[in-house]
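These are the structures, in structure tokens.
Across the two complexes that follow, chain A remains constant while its partner is chain B and subsequently chain C.
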Partner chain A sequence: MRKLALRNLLRNKLRTLLTVISLVLALVLLCFLTAFLDLLENTSAAADNRIVVRSAISLATPLPEAYWRRLETLPHVTGITPLNWYQGTFKDDRPENFFPRFSADPATVFEVFSELEIPAEQLAAWQQDRAGFVAGKALADKYGWKLGDQIFIKGDIYPVDVNLTLRGVFTVPAVPSSERQVFFHRRYLEEAMSNPGIVGTYFLAIDSPDNVAAVTKAAEAMFVNSDAQVRAETEKAFQLSFLEMMGNVRLLFTAIGLAVIVSILFIVANTMAMAARERTTEVAVLKTLGFSQGQVLSLVLLEALVVGLAGALIACGASALLIGVFSAGLEKVMPLFGTLAMTPRAWAIGLGLGLLVGLFSGLAPAVSAARLNIVDALRRVA
Partner chain B sequence: MKIPFKYNLRSLFVRRGTTLMTILSIAFVVLVYVGVLALAGGLRVAFTASGDPRNVLVLRDGAKTELESFFDEEKRRQLAALSGVAKGQDGQPLASASVYIIQILKRTDGSESNVSLRGVEPAMFALRPQVALVEGRRFEPGRSEVIVGQSLAKRFPGLRLGNDIAFGRVRFKVVGVFDAAGGSFNSEVWGATRDVSDAFRRGSSASSMVLQTASPEAAARLVKVIEGDQRLKLKPMLETRYYAEQAGTNAQQFVILGSILAVVMAVGACFAAANTMFSQVSARAHEIGTLRALGFRRRNILTAFLIEAGLLGVIAGVLGAVLALPLNGLTAGTMNAVTFSEISFALRTTPNILAGGVLLAVVTALIGGFPAALSASRRQITALLRER
Partner chain C sequence: MASNVVEIDNVTKRYRRDDFEIEVLSGVSLAVPEGAFIALMGPSGSGKSTLLNLLAGIDRPTSGAVRIAGQDITRLSEGDMAPWRHRHIGFIFQFYNLIPVLTAFENVELPLTLTRLSKAQRKVKVETALKVVGLANRMDHYPRQLSGGQEQRVAIARAVVTDPTLLLADEPTGDLDAKSAEDVLDLLVQLNKEFGKTIVMVTHDPRAAERAHTLLQLEKGRLVSSAAPAAHAAAGISGITGVAG
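Entry: the complex of A and B
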């Protein structure tokens, strides 16, 4: 039985090959779409015991520096650090030269972001140099920066340009994609603008994830009657809010994915139908020999499933390989806040849909082969 | 002698099941291509409809967007007094400051996004004649009233006509809904400059200034004048350029996505077309042999099968384009990557995009069909005729 199905597939090698290739291409596409969506929704870099406090109006509106001391008084808060998105332009406007640049507080930033690791003497050197900066290792490697090197960033959001000296390089063993950022002294920026005392976001470390909800509520309540109300949320919710602003990305991707699947279903179903039609006489002979309806059905179905499985396996293997190559290339032209990877969901989509396409495409020809009337079939000339 | 076209048409029809499935698989490729590019097309239209070639937009030097820009009243007075600025019917310069702010609001589906709020001066309406009220009335300065672009009014329940809504520390009343002829202002809330800056304690600083001149040439001259003035330290640019850049930044991602998808899917569909054409050829070996025996040449056979493949492509392309047509006019919203705020736009399946889709289908079918057509024309008559 099984042998017969495999032999049938090899009968028209070209056709089987063409079908598998088109199935592979479609599945690779779906794996990429899924991996990309997973990257956008990826919040693994978010700590579950940190909350973000920002202006309730929007991220473009800063909070007063005075909130720092007040937020510190909240129970369960073990650390607090301000971060301002400085942005600016490094070298030129090309996307490959874009990376996050924050003005930060050197005394507290590495305490609150405890997953960031930096040698103690480098941290001390940075803390002592107001015009110093620290960079993630991936970024320092990309530009070949060494301690003592100077960089110039032109301001855009802030009407101030900065000249910075590299004092330290940090690593983030858990999330290497977080190594693509730069921190410099917030006092440098503040003084250059004659001390407006503004903070973009406060990051609060909480003693336990269980207390996060309570602190979030308390932080918002603290400023509810003040001029600058705040929004407090978990780091994860904060990251997801960016995706939410982009509108319905998931719907767009799902719609595209569906069209791809429908298209590939037609392709594979077409091949299966062609294969089955050519063998009408043969199926009749098998039935004459005593093969049951069920056996004929499973014979044709098996053939389709093998095509589906082969396509799925090749596609997933190829995707895993290609995604690695692609994401390395992508990081050069368009740095993302993460690394594109073949996620479990991408594996599931690739394998599952491959098999489903095989099953559905084989169904109609299998049923009609099983129902075939021997006498009619033998009389008919293919 | 050429093989009659009717032969091709009928041959496709004989194996209509196979033909239909191949057509559908290619049609869906076209559908995806047209759909994604319609997003890019819609975004482009929304931004290009916003700029006027006679207008000059002025930002703080160093700022890239209105969101980052601010400068004081004194500089705005100097700008409005420049000689290149046109005068309105009331004799006042056609110049308006904007206080541009973004604020988080809830969409109808409960998700959140930043919404653009723009404080404008009365001259703004004279400057932008395309902005027309569709419901209610204009805001009155000093009374904390706003009018809302009609895309926003639909997507954000808080912005419906008659609603009270908090912007900053003040509650505003929505007194009108306007349409800006499909432009990106449809995704903005407008109020009076003073009311908006008070609500956010912005003092007398504004984000940008738009100046209207008599002609596009005069606008280019005015840009030079402002650029040359070292005391102002401002960045003037043609308004059309400002919006074209936003169009580019925002549409580009969809163009890239659409192109990658189209190419990969088309290659896949190419193989499907190859399959179909190969099976056509093998099923019709006897027929081909007969045609050859009748005196048709190898190149006639090649052409005939290519025409057949092309025909398959044309039908698939047109079908895909027709399937994509209902997408035209659908509204979608996304984040304007430049100002970080909600931008609503209508999908546009422009003739160019549709034609591109049909072309994609034809090329796909031709490339897919070529190997089969070639093999059909290469085979020996005797071998062909021997087949059943």
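Entry: the complex of A and C
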């Protein structure tokens, strides 16, 4: 029976190929969407016990430096560090020369971001040099930077250029994609800007993830009656907000995924039904020979399942390959995407949906073939 | 005297077409002894194929009983009917109805895949069946690579490979040229004579009917005559009972 099912699939090779291709395309899209959603939901660089405090108006609106000391007084806060997104242009505007550049406080940044590892003497050297900067190892390796090397970054958001000397190289063993950024001395930027006393975001380390909600609420309440109200959120939510600027990404992805899979289900079901209809006489012959309803049902379902499984395997394999390529490419623009991967959930969804499409697309023609009246079917052709 | 393989008792078959009810068979009774070779003739719409379908267990009578090898098949459930057909019926279609994606060997093997026979045992049976029909050298050919006559011989091999109780043929020569038709008829005669197969054959072709032991005429759903074809009359071969009227 397996032989007959497989031969039937090869009967119209072009039709089978096109059906599998359409399924593969849909499943590749779904695997990508799932991998993206998993990336958003499991951004491993984000710590469970860190929150971000920023302006309630927008990310582009800075907060007063004076908030630093006040936020520090909140219960359960074990550390605080300010970060300003400097951006600027390094070498040229090409995407491959883009990497995140922050002005940071050398005294606290490595305490709050405890997953970043830097040799103590290099940290001390950076702390003592206001024109110094530290770079992630991946970035330093990419440009071949060595300690003492100088770089020039042309300002854009901030109308000042910076000349920086490499004083340290940090590693992030848990999240290698976080090694593609640089931190330079916060005071350098402040002085170049005539000390405006502004901070883009505050990162707060909390003593326990259980207290994150309470601190978030307290931080927002602290400035509720001020001119510069704040928005506090977990680091993960903060990272997601960048992507969700495009809208409700999760809802959008889920809706696209559902629409695609339902459409493809109808297409495959139609093809399977067409293939089964063309073989009405053969089904009648099989039943005359003694094939039971169950055996005929299994035969047609097997064909549909093979299409589904083939589509799923090809799609998952192709997705794993393509996601790897995309991940490497997108990481240059946004380090977050460095961790984009074909997750177990994406594999499960790809394979599971492929088989489900096979099963459901084959169900109607299989039941119809199993219930076929032999005499009517033979008379149709005779 | 040989026992009856087929016993049809007062069978009526009516079909419903829209608002009309059509009686295709009217009180047909028939007994066919083991080893008989019967030709069923009659004009279109006389009920020949319906009678054959009832014998094959692929259709059910409106009333009456159909006993094959002593079993009233009208009492079998749909689930029991499929394995019953597999054990007792070999069916030869007018248009051969081979599975085009399977070779001659695989087509003949198809009914055996429903048994518990090993692959080696199946191979022996298939090769024997194809040898009997004279196509041992065409086993690996697909239906499209065979002539019409050869296709029908493969279909006959498929019908006999399970050694069924009853061989039913629905106009087996209807789609063949004269030479191929002769070959197929020779084969059916051989199966009947040498292997003792009981055969019921529906045909429009008087030359095909000549090869049977008994000729049954159906008209408007009734058996109107039973006679030995001329060639057999002298030999006294008939043995069919139950013609109405």
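A few notes on this one:
As a working rule, the second predicted complex is superposed on the first by the 294 of 382 C-alpha atoms of A that agree within 3 Å, B and C clash if a C-alpha of one lies under 4 Å from a C-alpha of the other, contacts with A are read in each partner's own complex, and residues count from 1 in each chain.
Methods note: a residue touches a chain if its C-beta (ideal position, glycine included) is under 8 Å from a C-beta of that chain, and two chains touch if they have at least 3 such contacts.
Quantities reported herein were computed from a predicted structural model and do not represent experimental measurements.
More residues of chain A lie in contact with B than with the other chain of the pair chain B and chain C.
Residue contacts after overlaying the shared chain place A:I374 against chain C, while chain B stays out of touching range.
Once chain A of one complex is fitted onto chain A of the other, the partner contacts of A:V262 are limited to chain B, with no touch recorded for chain C.
Of the two partner chains placed by the overlay, only chain C lies in contact with A:N8; chain B stays clear of it. In the superposition on chain A, A:T288 contacts chain C only, with no contact to chain B. In the superposition on chain A, A:G144 contacts neither chain B nor chain C. Shared interface residues of chain A, touching chain B in one complex and chain C in the other, are 381-382.
Residues of chain C touching chain A in their complex: 53, 56, 58-59, 78-79, 82-83, 85-87, 89, 91, 93-95, 97, 99-102, 106, 110-111, 113-114, 158. Touching chain C in their complex are the following residues of chain A: 1, 3-4, 7-8, 10-11, 281-282, 285-293, 295, 374-375, 378, 381-382.
On the side of chain A, the complex with chain B involves touching residues 14-15, 18-19, 21-23, 25-26, 28-29, 56-61, 154-157, 159, 227, 231, 241, 244-248, 252, 255-256, 259-260, 262-264, 266-267, 269-271, 273-274, 381-382. Residue ranges on chain B touching chain A, taken from their complex, read 17-18, 21-22, 24-26, 28-29, 31-32, 35-36, 39, 60, 62-64, 67-68, 101-104, 111-114, 168-169, 200-201, 261, 264-265, 267-272, 274-276, 278-279, 332-335, 340, 342, 388.
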